[in-house]
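Two complexes come next, and they have one chain in common, subunit A, joined by subunit B in the first and subunit C in the second.
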Partner chain A sequence: MDSETLEQVASADISVENRHYKVIGSRPIRHDGPDKVTGRALFGADIRMNGLLYGKVLRSPHAHARIISIDVSRALALTGVKAVVTNADLPTLESVVSRVGEGSINWRYLSSNLLAGEKVLYHGHAIAAVSAVNPHVAEQAASLIDVEYEILSPVITVDQAMRPDASILLDELRTNELGARGSTPTNIASHDQFQRGDLDQGFSAASVIVEREFTTSTVHQGYIEPHNATAIWGTDGQITVWTSTQGGHDARRQIAEVLQLPVSRIKVIPMEIGGGFGGKIGIYLEPVAALLSLKSGNRPVQMTMSRFDVLAATGPTSGSVIRVKMGAAQDGQITAAQVSLAYAAGAYPGSPVGSAMSVILNPYRIANVQVDGYDVVTNTPRAAAYRAPGGTNAAFAAESVVDELANKLGIDPIDMRLINGIKEGDRRVDGPISRRVGYIETLERARSSPHYLSALSSPSSATCKVGRGVGSGWWGNWPGGTSSVSVVVNNDGTVNLIEGSTDIGGSRVAMAMMLAETLGIQASDIKPMVVDTDSVGYNDVTAGSRTTYSTGIAVHKAGLKIIHEMCERAAQLWNVDPGTIDYADGVLTSGTNHIGFKELARKIGDGDGNVVASVSISPNGEGVALATHIVDVEVDMETGKVQILRYTAIQDVGTAIHPAYVEGQLQGGVAQGIGWALNEEYVYDAQGHLLNGSLLDYRIPTALDLPMIETVLVEVPNTTHPFGVRGVGEVPIVPPAGAVANAIANATGLRMTILPMSPRHMLEAMWAQAK
Partner chain B sequence: MSNKTVVQATINGEEVEFLCETRQSLLEVLRDVLRLTGTKEGCNNGNCGACNVILEGVLVNSCLVLGVEVQGKSITTIEGIASPQGLHPLQQKFLEHAALQCGICTPGVLVSAKALLDRHPHPSEHEVRHWLAGNLCRCTGYDKIVHAILDAADVMSAEVTK
Partner chain C sequence: MAYVWIPSLLRDLTGGVSEMHVPGQTVDDLVSVLENQFPGLRSRLCEGSAIRPNIAVIIDGLRSKKGLRESVSDTSEVHFVPAISGGCSNRVPSNA
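Moving on to the complex of A and B:
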C-alpha cells in the first residue's frame, strides 16, 4: 500500500454505513478478564513492597473554619510514626487556570484541596497526613494532631450561597459576569449565557406554557474502589507513583504542577482502576504520599481512603437549582424556552454548569431561547466530573417540562419529541449546526419497541399505582484530546498494542478489536496493555467518552502503518515493488506470491529489525450521543416508595465495537441514573456536617432494586471516525431521572420537582398536593 | 507495640499459620499479612461485599471478622475458586457474559455467587438478586452479572446430570 493511499484512508470522512466487519461487532473475551475473575489483577491498593509505610489523613470536622494553628508534636512522638506533612510542605502556587481532562483547574485551588491552607472549606477537607509503620498507628497519629479553628458559618446549598449576606468562602473570588470581572466578594464564580431569537415573540406564539423550578441533591460517583496512591520519592529525586486514575499523564501533570517539578521527574503507573466515572481525574493523595515518602527516608508510602473519606472529600457532582419555562404551539412545536441553572461547585469554582447549559435543551430545535448558568461555591467537597457532568439534573428538569407540555397538548410523549427532535443541519441551542445524529432513530425505535407496545402491568397491591415515562438525553462527548499508541509485531505473528488510556470498562479489548479489524487478524492475536507514563506518548484521560473514539483512531492509524511496513518487507522478500502488493484480510498478495500476516512475521523474525509503529494524534472530531429511555414504575402511595418495573434504553451508539461492553455502558449508566433519581443524596446538618458518609446511608442501587435493563443499540455511524465510533459511556446517565419522574407523573399525577424522588420527598409531595 | 497472636487456618485448602494483631480484621490479614490481595476493600464496614469470603461454608464480609477469630477454621477466597483444571463455571460465564467492567466488585460477587450455588443450585432471578443485594456493583447495573450466574447454574446442573 503506498503512502498516498495510507494518507487517504487515515484522513477521509469514511462512509461506514455499509461496511462488513469481521472482528468489530463480535464479542470476544476481554484480554484482562481471566486475571479479574481470579483475583490476580492488581489494583492500586494491591501494591505490596518491602519497607512499605502507610499514610492517613487528618480531615476537618468543620464545614467552614479558619485554621489558627496546627501542632503535630504529639503525633510525631508516637512510636511507629515516620513523618507528618501539612500545607506548609507544599509550594505556594499562583492562581492559574489550566485544562485538565474535560474541565479546568486552578492549580492553587487544587493544592489547597490536597492539604488545606488558611481555611477548611468542607467537612472532610484534608489538613495533614501522617506516615507510619501500619495503618492503625497512622490513624492514631492523625488523631493526635492538634488543630485550633475559628469556626465560620457555612453555606451548603446554592440558594444559601447566592444570598447577598452569605458567608464568603474565597476572599479573592469575583464573579466572571459574561466575561467581565465583578468588583465585590461573592460565592458566584461565574455567570454565562446564550440566547437566540426573541423570547417574547416565542412565548406569545405558544398555546401552552409550563414553568417550574427543580432542586436536585449532591450525589457521588460511587465507584467501589476507594482512592489510593503509593509513592516513592527516590534518593535520586525521581518520584514513582502507583495509583488508581483515569489518566496517568494527567495525574503526572497535576502532581508536577502541585509539587512544582518537571514532569520528567515523575513516573505514574496507572493500576487497574476500580471505577472512576469522572471522579478519578483530579488527584487527592498522590503528592501527599510522595511528600510523606520524601520525609520518611525515601520509603514507599501507601495511602488508601476510607469510604467516609471518599464520600466526604472526593467527587461529588453538583446539587442544583434549575428553572425552566417552555412554551409550545397547539401542534406540539416548542416555540420558546428560558432556562436558568445554578450549580454547586463545592469548595472551589468549577461545577459542570457549562456542559449542563448545552445538555438541557440540545435534543430540541428551538428558535427562541435563553440559557443562563451560574457556578456557585459552597461548603461541600470540590465537585468532580460525573458521567455526562451536569447532564442528569439538567435533563431531569427539561424532560419533565417537555412531558408536561405533551400531556397538556394531548400529544404522545414520543411524538412530542419527534416533532421537535434535532436532525442533521438543525442549529443546536448551544450554537453549532448539528451533524448526522441518530436522535430521531432512537425515538422511532422506542415507539416500536416491545416495551412501548406492551400494556402496563397491573399494580401489585391496592395501595400501588403504575405508570410509564419517556425521557431523552443529549451528550456532547469529547472526541478530541491526545492519544498515543505503539504497536510491535512479535516474531510469532502476535501484536503488542501499547496504550496509555486507562481501561475502566473493557476498552483494552475494544482497542485490540479495532487493531485486529485493521490488520485482518484475530482479536486474540493482539496483546493490548496499558503502560506507565514513561513508556508511551501522552494520553489524555479516559473520560468524556473519548477513549474508543480518539485512542481508536490512533490504533487504526498505527495499524495502517504496520500494513505499510509489512508490505515493504514482503516486497523485499519477493523482490517486487511495494506498490504492487495488495493487503486484504491479513494476507499480502503480489501476482502469484502470497503470504499471511503471521507467516510473514515469522519470516521477519527478530534479526531484521522489528515491524513497529507509533502514532500520536489529536483528533478534532465530533460525535455527539443521543438516547431515549422508557421506564415503567410502581409507586406505593402509602410509603412513597418507587419500584422500577421495566426499563429500556435506546441509544445511537455509532458503531458498537464490542456490543456486550456497549450494552454494559448503557446498563451501568441507567443504574446510576436510577440511583440519582430515587435514592442518592448528600445529607448535611445545619452546620454542614455530612450525616450519611457510608454506603449504608448513601444508598446506591443493589441488584434487588433493579430489573433487567433492556438495551437497543441504534447504529448511526459517526462520519468522523474510521469505524463510525461514537462515545457511548456518558449519555446513558442523562435521561433516567427525567424518564422516572415522567413515569411517576403518569402513575400518580404528581409532578416531582426534587431529586431524589425518595419515599420522604414523595410523601411530602403527596401531602402538599392533598392540601 | 501490641501483641500478636499465632493463628492457624485452612485457606483455599492449604493450611497456613500467621501472626496477627488482635485488632486486625480478616480482610487485613488476607491482604496485608498473607498478601492475598484478590479480596478487595470497598468500605471496610460491611456495606459493599467487595471483601466477601466463605468461612466454614458461610458467606461473610471479611472486614467484619477479626483475624484471630478464624483459628482452626476453613476459608475460601477468590483465589480458591478456580481449580487446577481451569476456571470455575461462574468465572467462565462472567467472562462470556461481560459481567464485569472495572472488576473491583468481581471477586466479592463471584464468592457470593459460589456460596449461593453451593446452597441453592437452581436459583430464580429473584433469588440471585436477593442473594447479591449485599454486593454493590457500580458499573454494570447487575444485568449481565445476574445472567452469568443463572447461566453458570444451568451449566453446572447439566454437568451434574451428565
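Moving on to the complex of A and C:
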C-alpha cells in the first residue's frame, strides 16, 4: 500500500461519515490515573535536589504607588540569604507586542509584572525576590527589604478607571482603535467594534425592547495547585526550569524573551499540573527563580506561591460592565441589538473583551447590530485567560436579555432561541459566515430532555421559591496552533507516544485512543508521555480547547506514517510489493500472508531499525462549540441564598473520544460557572487592598453546593478533523451564570444584573425591588 | 475578486464603505489595493510588513495563519477582526 493510497483508505475508514470506531467512544482507564490517585505523580513542588535553595517574593502592600527606592542591604545581611533580585536585574525591554501561542504579548508589561519597575500597580505586585537556605529565612529576608513609596490613588473598577479624572496607571498608554492611537493619557487601552445593518431600523421593527446594564466581579480560575518553579542556571549558561504550566514551549519563549536569551539556552520540564484553566499560560516565577539561581552561585532555586500570592497576583479574569439593548418582533425574531462591554484588564492591557464581543451575540442571527468593546486597565492583578475568556459575563448579560424578551413576548425560552439560533450559512454577529454547528441540536435535545419535561419540585419551605432557567453559550475554540508528536514502535508491540501538550484534562488518554484507533490496536498498548521542550518539536499551549483537536490530528498523521512503515517492513518480510498489503484492524494482509501489529513488531525487533514517525502540524479547522443549559433553583427569600436543585448541560461535542472525560469537562465548566454565578468575587477596600485572599473567604463551590450535573452529549462531527473532534473544554462555563439568573427570575420575578448573585446581592436587589 | 469586509472602525477612511470586491491573489494584494483607494488603511491594519498582532484575518470562515502572505481566491470572503484577548495574550479570533 503506497502512502497516498494509505492516507485515502485510512481517512475513509475513520471518516466522520463512516464511523465504526473500536476505541473511540469507549472509556478506558487513563494512563496517568494510577500515579495520580496513589500520589506518585510528580508536581512542581515535589522537586528535590542537592543544594536546593528557596525563593520568596516581596509584594506590594499598596494598590498604586511609585517606587522611590529599594534597599536590600538588611535582607542580604541575614544569615542564610544567598541573593536578592529586583526589576534592575531584568533586561530593559521595549514595548513590543509579539505573537505567542494563541495570542500576543507585550514583553515589557510581562517583565514589569514579574518584578515591578517604576510603579506598583496592584496590591500583591511583586517587587523583589530572595533566595535562602530555607523558606522561612527567605520569607524573613523579604520582609527586611526596605521600599519607599509615593502612594497614588487607585482605580479598582472599570467605571472608576474610565472617568475623565481617573488616576492614570500607565503614563504611556493611549487608546488603540484598530491601529489609530489616541492622543491623551488614558486607562482605556483599546476600543474595538463590530457593526452591521441599521440599528434605528432594527429597533423600529421591534415590538419589545429590553435594555439593561450588568456588573460582574473579578473572579479567579481557582486551580488548587499554586504556581511554582524550580530553576537552575547552570555554569554552562544553560537554564533548566521545572514548572506547572499549560505549555512548556510557550513558557520557554516567555522566559527567553524576558531574560533576552535564545530559546536554545532554556529547557522547560512541564510537571503534572493541578489545574490551570488558562491561568498557567503566563509566567510569574520562572525567570525570577532562574535569576536567583544565577546570583546564588548556580544553585537550584525553588519558588512556590502561597494561596494569597495566587489570588492577589495571578489569574484573575475581568470584572466588567456590560450594557445590552435588544429588540424583538412579535414573532420572536430579534430585530436589533446594541451592546457595550467594558472589561477590567488589571494592571496591564489584555482583558478578554475581544472574545466577549464575539461570545455575547454569536449564538444568534441578528441583522442589525453594534458591539463595542473596551479594554480598561485597573489597579488589580493583570487579567489572565480563564476558560472561555470573557464568555461567562458576556453570556450572563445577553442570555438574561433574551430570556426577558421571551417572557415579554410569551414565548418559551427554548423556542425563542430556536427562532433566532445560528445555523450553517448564517452570518455571525462578528462577521464571518457560520460553518456547520450543532446549536439547534442542543436546543432540540434540551426541549425534549427529561429535565425540561419534568415538573419543578416543590419549595422546601414557606420562605422559598423555585424556578427554572435556560441559557446558551457560544465559544470560538482555537482550532489551530502547532502540535508535534513522535511515535516509536517497541519490540513488544507497544507504542510510545511522545507529546508536548501538557495534560490538564485527560488528553494523554485521548491521544492514546486516537492513535490506537488509527493503528487498530488497544489504547492500553499505547504509552503516552508528555516530555520536556528539548525532547519534542514545538507545541502550543494546552488552551483554547485545542489539544484534542490539533494534537489529535498530529497523532492521527503519525499513526498513518507508522502504518506505512509497518507495511514496508511486512513487504520485506514476505518479499512482496508494499502496495499489495492491506492494513485493517491492526492486521497486515497480502494474499495468504497475514500478521498482526504486535507480532510484526516483535519480528522487526531492534536490530533492523525502529519503526518511528514524527509529525508537526498547524491545522486550521472549524472549531466553534455551542451549548444549552437548564437549571432549577430554589431561592430563600429571607436569606437570599440560591440553591441549585438540578442542572443539565447539553453540548455539541463533535465526537466524544473518551465520553467520561468529555462529561467531566462539561461538569467542571458548569461547577466553575455556578461558582462565578453565586459566590465568587474579589473584594477590595477603597484603597485597593484585597480583603479575601484565601479560599476560606474566596468561596469556590464544593460538592455540597452542587447536585449531580447531568450531561447530554450531542455529536455533530467536525468535518475538519479525522475523528470529528471539536474542542469541548471551554464552552461549558459560558451559559451557567445566565441560566441561573434566568432561573432566579423565573422563581422570584427578580431580574438580577450583578454577579455574583450572592445572598448579599440577592437581598439588596429584593430590598430595592420592594421600595 | 475577493469580497472584503471593512472593519467598522476603519470606515472613516473608506467614506462609510463597509464591504467591497477587491482584486488580488494574496491578503497583501488586497491591502495594497485598499491602501491605494483609501490612503492610511494599511497602517491601521499592519505593523511593518505584518498584520498587527491584535488583528486577525479570517478567510472564508477560517483564520489565516500566514497573514499578509495568505492566498485568496475570487470567491473568498475576507474579514479583519479584532484579536480576541485572553489575559497576557490576545487570543486570535476563532474560526467561523
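The criterion applied here is as follows: the second predicted complex is superposed on the first by the 756 of 771 C-alpha atoms of A that agree within 3 Å, B and C clash if a C-alpha of one lies under 4 Å from a C-alpha of the other, contacts with A are read in each partner's own complex, and residues count from 1 in each chain.
Everything below uses one rule, namely that a residue touches a chain if its C-beta (ideal position, glycine included) is under 8 Å from a C-beta of that chain, and two chains touch if they have at least 3 such contacts.
Keep in mind that this is a model prediction, so the values were computed, not measured.
S.K.: Subunit A superposed: clash or fit between subunit B and subunit C?
M.R.: fit
S.K.: Based on the superposed arrangement, let me know which partner A:Glu499 touches: subunit B (first), subunit C (second), both, or neither?
M.R.: Touch status of A:Glu499: no partner.
S.K.: Classify the contacts of A:Asp309 with the two partner chains as first (subunit B alone), second (subunit C alone), both, or neither.
M.R.: It touches nothing on subunit B or subunit C.
S.K.: Would you check which partner chain A:Gly431 touches, where first means subunit B only, second means subunit C only, and both and neither mean what they say?
M.R.: second
S.K.: Which of the two partners, first being subunit B and second being subunit C, lies in contact with A:Gly33: first, second, both, or neither?
M.R.: first
S.K.: Once both structures sit on chain A, report the angle subunit B, subunit A, subunit C from C-alpha centres, rounded to the nearest 10 degrees.
M.R.: Between subunit B and subunit C, as viewed from subunit A: 170 degrees.
S.K.: Contacts for A:Glu286 in the overlay, against subunit B (first) and subunit C (second): which applies, first, second, both or neither?
M.R.: neither
S.K.: For A:Ala671, using the defined touch cut-off, is the partner it touches subunit B, subunit C, both, or neither? Pick first, second, both or neither.
M.R.: Touch partner of A:Ala671: subunit B, not subunit C.
S.K.: Once chain A of both complexes is superposed, is A:Glu399 in touch with subunit B (first), subunit C (second), both, or neither?
M.R.: neither
S.K.: Give, as a whole number of angstrom, the minimum Cα separation of subunit B and subunit C in the superposed three-chain arrangement.
M.R.: Between subunit B and subunit C, the shortest C-alpha distance works out to 20 Å.
S.K.: Would you pull the subunit B residues touching subunit A in the complex into a rising list?
M.R.: Going through subunit B, the ones touching subunit A are 1, 21, 23, 31-32, 35-48, 50, 77-79, 81-82, 87, 91, 94-98, 100-107, 110, 125, 128-130, 132-147.
S.K.: Using the touch rule from the top, collect the residues of subunit C that touch subunit A in their complex.
M.R.: Its residues touching subunit A are 5, 7-10, 18, 43-45, 52-55, 58, 60-63, 65, 77, 79, 81-96.
S.K.: Would you mind writing out the residues of subunit A in touch with subunit B in their complex?
M.R.: Listed in rising order, the residues are 27, 29-30, 32-34, 36-43, 45-46, 48, 79-80, 136, 221-226, 272-277, 304, 306-307, 504-506, 658, 660-661, 663-664, 667-672, 694-696, 700-704, 706, 708-709.
S.K.: Please name which positions on subunit A make contact with subunit C in the complex.
M.R.: Interface residues on the subunit A side: 97-105, 109-110, 113, 176-180, 190-196, 278-279, 281-282, 317, 345, 348, 350-355, 357-358, 370, 373, 375, 382-386, 389-390, 428, 430-435, 475-480, 543-544, 618, 620-624.
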